[in-house]
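Which chain is which? They are A, B and C, in the order written, and residues in each are numbered from 1.
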Amino acid sequence: MTVAADERVASVGPARRLLIRPELGAVVGLVVVFVFFAVQSPVFRSPDGIANWLDPAATLGIMAVAVALLMIGGEFDLSAGVLTGTSGLILVTLATRYGFNVWAAMLAGLVVALAVGYANGLIVTRTRLPSFIVTLGTFLMLQGVNLGVTKAITGTVQVSGLRRAPGFEGASAVLAGTIQIGGTSFRVAILWWVLATALATWVLMRSRAGNWIFAVGGNEQAARAVGVPAARTKIALFMTTAFAAWLVGSILALRYTSVQANIGIGQEFIYIIAAVIGGCLLTGGYGSAIGAAIGAVIFGMADKGIVFLGWDADWFKFFLGAMLLLATLANRLVRRYAEEVKH
Amino acid sequence: MILETRGIGKTFGSVLALREVSMGVEAGRVTCVLGDNGAGKSTLIKILAGVHQHDAGTLLVDGEEVRLTSPRDALDRGIATVYQDLAMIPLMSVWRNFFLGSEPRKGLAFDVAGARKVAREELRAMGIDIRDVDQPVGTLSGGERQSVAIARAVHFGARVLILDEPTSALGVKQAGVVLRYIARARDRGLGVVFITHNPHHAYPVGDRFLLLNRGASVGEYGKADITPQELTALMAGGAELEELAHELQRE
Amino acid sequence: MRRTPIVLALLGALALTGCSSSGGQSAQSPPAASAPAAGGAGFAVITHGAPGDSFWDVVKNGAEAAGEQYGVTVTYQGDGDPAKQSQLIDQAVSQKVDGIVVSMANPDALKEAIGKAVAAKIPVVTINSGADSSKAFGAITHVGQSEDVAGRGAGEQLKAAGVTKLLCVIHEAGNVGLDQRCKGAEETLGGTVERLQADVSNLADVTSKVTAKLQSDQQVNGVLALNPAVAVAARDAIRDAGSQAKLATFDLSADVVTAIQDGEILFAVDQQQYLQGYLPITFLNLYKGNLNTVGGGLPVNTGPGFVTKDNAAQVARLAEAGTR
């Protein structure tokens, strides 16, 4: 910054300036939750334990980051969770029942997922119906399709046997394998998650598309008026959540070599919660991909930490909810404190 | 004339929003479009800005007849519009808003550093003193937001600047500030179309005045041909005001 | 700034509650997470039953009772999602427990996690479902009920009661064992068996689904539930539909036993799931202390037992205590 500082801008301490960013408030929540569990459970903070809770953080995180992008763009996608199931089911069914090579089956799943994303985007932008409703419809339709088609083809409600399909070894290594770091196995999904977060952050902060995403979420009419291709941006965002759903669905299918027809249902709100913990506004126009990734980590830590502490399983959901509320509250308090210096 | 309309008209369903309106704007001049609420001013702007297409009459850019298909089309021809609600995204920073829709590239990326620098410089060149280009536009005052919008339009090579009621929501001092920027833009060679319902704002800065009433033109005057009082009277509908004054008098 | 102390105080309070949380466990408050505390071993029971499921609660009671009996720590976790269940097993391995008890509704999905446990020299006992894969995965034994046998038994009894068209309610998608029960019943019934998919976590929905089925198909004269909660929901459905269909179920609960006494349910096939919690802890404890294995490579059968109007009264008292 070579321009002389304006005397009206009070010198803002570096710590406060850092905390103003949408995601770094979530970091405070992250530290609080981590300390809470780490202090009480040595396994939680051991490398093995860390590998344990980073894994659900990763599969949740890939989705949370994509959903955060869409939420910044002002829309919701409730069908993302079910779509992970659809992609996985296509992969396993084609590879085990129709002799497809695993990679080809994955490609087929990708095509279908992107088509669903495109359809979601098209309907939302053309009809101007709230995306909440449109994707709710898609969610229900996919739920039915997942169950109905699986039953029609296999007679039961799950498909399995992926291990025997051609191309399994390679695909499994790339998406479902593990990496050894100092004697502990970490899931490859963690790498994919980091990659997804980095890519999403770059797009948001350093690309033209990112500017458009913020604009379209902040004030769509104004964005259109200055020539931002709002419809194209939104459709692209829906296709992004669809892509993420395909990635996660494939990772899970390859890892567990089988897919149940009802997986992913119920997860859609968790993605939104992770994004909100990370600083995304429900009304759009503001948020961060890193924040959503942090939200996913908080979730993963709380989810697994409760088990490590040996808390009664019946109280699990209660403690999970309490943890989440506290983390979001801590996030809010920090932001408000940090913003006292700005208007 | 950079931008001109001849007998332009627009119908929405069964409503005749605009009929037989002819006006024009030249480089380095300000044309004021005046009229009370409901006179058809916003319909006229939307046609000039490419948001709507006219149903009757002709629209000419640089003397050639055109049909503007979209706001982007109008922008590409150098017609920049600053709306009442400003087409600014409150949550985004000043520099992001400045370059929205026309982001400079650096390879595949958005040239963020360059954008910040240019935004700061351009605002300064217009004499606009924004403290920090990183602050969200929502934290700026109404007058500051207008000035950023004007600076944006000027920077992107607008040849015609259409301002939709820029001073309507502002206090006296702020309005004065905006009028000054309008003059600046005019002095830089742009043609300005200044829409307002306040003749006291329009008169000091305008060169030509178009009056609209109920979707039709009541008259088009040069500055030399009309006084501020006459302008006000025409706007309100002179005869109506006299009647009103009579009614309001004490018995 | 003034608000942060409040937040910290809240967190401190939560931390304290965490330390002294009770539930059914043996009271070690330093985390059951690490190696066994003085004197006792630590075993993890990880099932596919959702928390609060009346069937699995009895399993949990059995496991915890065995824990108290032998002075060992028993933790119980349940999740219907095989992915989550797999992660829970991974966690138990990280915690270096002395033994893992696992129910395999979806054996394929758990193969890797169980393999890791076995590789880490942690003995595994499978229960309830997945008997066919138990040995292949390296478990030391399987404790449960052979679902085909039980299914066939149920089919015979239903045939004797005059059922010709049977509705078999499958309440857990993807559970191979449930499918085996229906199949077994189909083999011996001599009539038609139709499967109806429902979700055990939404019982009101189960009732309406069964009602709808009974109303639309008058030929159905028998309903076979595979879970006690579902049986109660089905009983309501039969009443709502005004149907004369006969109802039988797998597995017991206090409500089911009362219903049998009242004549609303014909019989219940009891797999004595209390034993599926109690026995594995016994076996694992013996393995730890004495390297004993039970079963000689074959599963240990806990059923089928049949509870009918004749023996319902005695069983009723036990069901109320949560042990049958």
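The rule we apply is simple: contacts are C-beta pairs under 8 Å (C-beta built on N, C-alpha and C of every residue); 3 or more make two chains touch, one makes a residue touch a chain.
As the structure is a prediction and not an experimental result, all values here were calculated from the model.
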Treating touching as the only link between chains, describe the layout with one word: line, ring, star, complete or other. line
Interface ranked first by C-beta contact pairs: A-C
Most widely separated chain from chain C, with each centre as the mean of CA atoms: B
Chain nearest the overall Cα centroid: A
Go ahead and note the Å separation of the Cα centroids belonging to chain A and chain B. 43
Once you find the CA centre of chain B and the CA centre of chain C, what distance in Å lies between them? 72
Please tell me the distance, in whole Å, between the geometric centres of chain A and chain C computed from their C-alpha atoms. 32
Quick check: in the complex, which residue numbers of chain C touch chain A? 1, 3-4, 7, 10-11, 14-15, 18-19, 21-25, 31-34, 51-52, 75-78, 81-84, 86-88, 90-91, 93-95, 106, 108-109, 111-112, 173-174, 179, 197
What residues of chain B sit close enough to touch chain A in their complex? 49, 51, 71-72, 75, 81, 83, 85-92, 96, 99-103, 105, 108-110, 112, 120, 131-132, 135, 139
Under the touch definition given earlier, write down the residues of chain A that touch chain B in their complex. 3, 6, 8-9, 202, 205-208, 210-212, 214-215, 218-219, 221-228, 281, 285-286, 342-343
Show which residues of chain A lie in contact with chain C when the two form their complex. 32, 36, 39-44, 46, 48-49, 51-52, 55-56, 147, 151, 156-158, 160-161, 163, 252, 255-258, 260-263, 304, 307-317, 322, 326, 329-330, 333, 337
